[in-house]
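Below you'll find the structure I mean.
Chain lettering (A, B, C and D) follows the sequence in which the chains are written, and residue indices restart at 1 in each chain.
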């Protein structure tokens, strides 16, 4: 029997395969396809203090090996999450993380405080990297002082696992990673979407209502892998890697580059059962390579 | 045969409820037939190994196109008809880009990867009602199954189908088996010359109808909706918003309703125009 | 007859289609496939003051809708270019640009000074954005002060058209763009490659000898388009757009986003005649859209 | 028939010169035959509309694989043989990944997009010389055309072909028409059990040879090269470096030579081991 369990700074996941925020709803949307309890963890939709309608339609554009989205954090607010959604999903036997977003530090803090009270939510993922809303998120995540300020403020009120999600839209991701680690993050997840744009040449118009949006899918994988590798070599806290993971092979690449767990996002849209296939594929790889503990893969890249 | 008719309109809530409890699946079906009907359209039959789940008119499938370098996401396609005895889902495909062209190339024996059944359903009015089904272009797709189920439920359907010209008009036999079929073509090559909204069914005769259903290009649906609204006739439209997941997970496919953004893939694709903003 | 000629700050190109440095050799490699004189311009290989062997093999990895390269500016040095290559290519009736790279400001300056003497080279493209050599290039391009310093220094000695090539590996590309414009650039070209990485999971090794490399091809197009659009809205000098252009449609998207000319890179590897097809496709688009002057496309995105 | 033999080895310079003046083209050829020879290999014939240009042994084509979501770049494939009367290029394809699998699926009438002919050539020794051609796995591909041209030029070729087992060994008929064929298999299912370097031709009998050519997996070529070097016999290897452009434009495919980095696609794929570093 191989060991698939990983430890995220004290928080144990039954396996390293999680789902990425905004791509997996609240888990319920995938119940017809897989058993949610088989997953290492799920990160639910970006949640803000107040209800948000998100951006106008169109919010999506297909791109070569990927897609742009400009959902803009549509959600009904944290109170609705607590009263209506949490009761429906708290029975999942998997690590449930809430992705917390905001446009002001106080909002992040107030949201995190409320989620801190929920027994069956072992952690939050602090989204300081959403490129799709003017005020929200990304502005915090691309400069050290603001990234530190929001992390520290949330750290004060949030007592459980604090994962901070980094933006790839920066000159030096290791700078931000180190700053956020110093500010009290228990783990770092990366990457959020790359800021991109698509144009309909025939109509001479942007494809998204917001002109720019967030790029995800296999097209971003090389950038994501590079950033995971850089951050792995710069910080001590565990890293949760993501960006274009479509299969077990991709997942293993992220682990070799230094990710202790991984998240699968856009791939869920292509194959709603991809997460389970990735778990099986990791086991298969471990058998073939005679690896008994999945933790042995982490950072196992041979660079001489 | 689906007994959807309780003698009253099913409320949106009832429909959502029924969808919520209906389970979706992802499956490799087998293409059993691919018949080209004209330059732009093919009809594809795909058989499931299992008994088909209940399928409601207006629902769709989401297809993973194999081997397309530029078809990363699935392609949503309406369910045109089902053959319950053969467990076949029948699709009407218009070739517009790489994805639909690759689907249209599938031949007997090929696999086709679908998530289904997706979306809500048109509502079925009380027995004895008259219903006008207006389809434009590939928007006729969901009208065939809708017509049949309306008839099965004691409603009298009338088809009004629009096309640019008779070369790309659908074959009408299957529609004619169910109900009267009226046709408009933009060039007058068949039926009445003009748009669907130029047809008497959308004008003088509209008053007879208890409900109007429409699916097709956005401007057509808006014109149909405007006429129905004007006469205060219930009107349901089937929207074709861009979708990434098809199952309510990504929130990409939203439409602006009076209650805020709703997902076309789960809370639609069928909407009553009275619930939509700016319609 | 439609007008395809564009003016880059006083330098006229017969059409907006150029080739990107490092992907088109010195033009000669493509003579069997197209007539080089049909192009708006070509940018020849990255040239440094001294001979460089470049990085060890392997230098290339295929990625979803793109590729990574780690060539590392292999070239025989500017003197060899002047003595051996220039005489062979100077007859081309197209705008020949030399891509000038370096690891120290003095190197850039010395190289540019030598090229300034060549009558048939109307401009250089200053490469301050190569991610593939430790000392060279990218470090200059990702921070304003160094980008300004190298641009100013070269501007002093280089009298012809000075195009500066920007790196996408930055938090805010408009900052660098404005700084470089202020330092005397005649035009800006973007984007150079995104820093990425690929791993061979079976071998547990990086795919490139240098671990990280530069990502190009259609996968980067959304990021490139976004940056062209941002820079277009921030500077006055003309922009030369590139990143994943595979066909005329892509080229038009870049022009609508603000590019006055475009460069085609990786696509040359897939189809050595792509440049000519793009020129023809632009003409075709202009006919269909009743546009007589290609300059009318520039920045023509309708955003309400 | 190519008259390459001037009675002496052609110098690298001469060969480069001849390549430099030879022009390459990109063309859609038509598949005229696809024959599966075993689980791993197919042989594909592709016909040009035009008269084939001169093709030298060791040269390759670079194929654009259509409809592969993960085959962005072209795939370099050696020229296995040519049929000049039919203007056919013949390729031996081993299915290893998506690209080669898609090429192996092409059937009669399909188009195949190639840039060709690419690369330099094996050198042809003086008439009367003896040459050993060592191919392992798919590395036998360029050996067939090389053997024929050697023979046409008055050189006596000997084939030594290695495979894991007889199931994936090539059909030997075409080789046997040209010269004696020796075989090694790792499991001993045919010929001598072991690696090519275990065969007498690579040991006792090697002394008779004036030149050794080899193409195959890197460890095999290195082992062959080491033996040849040891006996001071000229040895040429055909390298399979990763390529992006195939025409000398990108500098991705370099090999470390005593004169610095050289491009495998234009200055190779054939190299004399004495010019290579660490060989």
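Worth a mention:
We take it that a residue touches a chain if its C-beta (ideal position, glycine included) is under 8 Å from a C-beta of that chain, and two chains touch if they have at least 3 such contacts.
Treat the numbers as computed from the prediction; the structure is a model and nothing was measured.
Under the contact definition stated at the top, no chain borders both chain A and chain C.
Placing every chain at the mean of its C-alpha atoms, the farthest one from chain A is found to be D. Distance from the chain B centre to the chain C centre is 48 Å, each centre being the mean of its Cα atoms.
Chain D has its Cα centroid 56 Å from the Cα centroid of chain B. Remark: chain C and chain D have CA centroids separated by 36 Å (rounded to whole angstrom). Among all residues of chain B, those that touch two or more other chains are 69, 72. Shown for chain A are the residues that touch two or more other chains, namely 63-66, 217-218.
Viewed as a network of touching protein chains, the structure reduces to one closed ring of chains, two contacts apiece.
Chain pairs that touch, as defined above: A-B, A-C, B-D, C-D. Chain B contributes residues 23-26, 64, 69-74, 115, 241-256, 260-261 to its touches with chain A in the complex. Against chain D, the residues of chain B that register as touching in their complex are 67-69, 72, 102.
The touching residues of chain A, counted against chain B in their complex, run 22-25, 29-30, 32-33, 45, 53-54, 56-67, 69, 71, 74, 217-218, 266, 268-273.
For chain A in complex with chain C, the touching residues are 63-66, 68, 142-143, 169-172, 194-199, 201, 203-206, 211-212, 215, 217-223, 225-226, 229, 244, 249, 252-253, 256-257, 285, 300-303.
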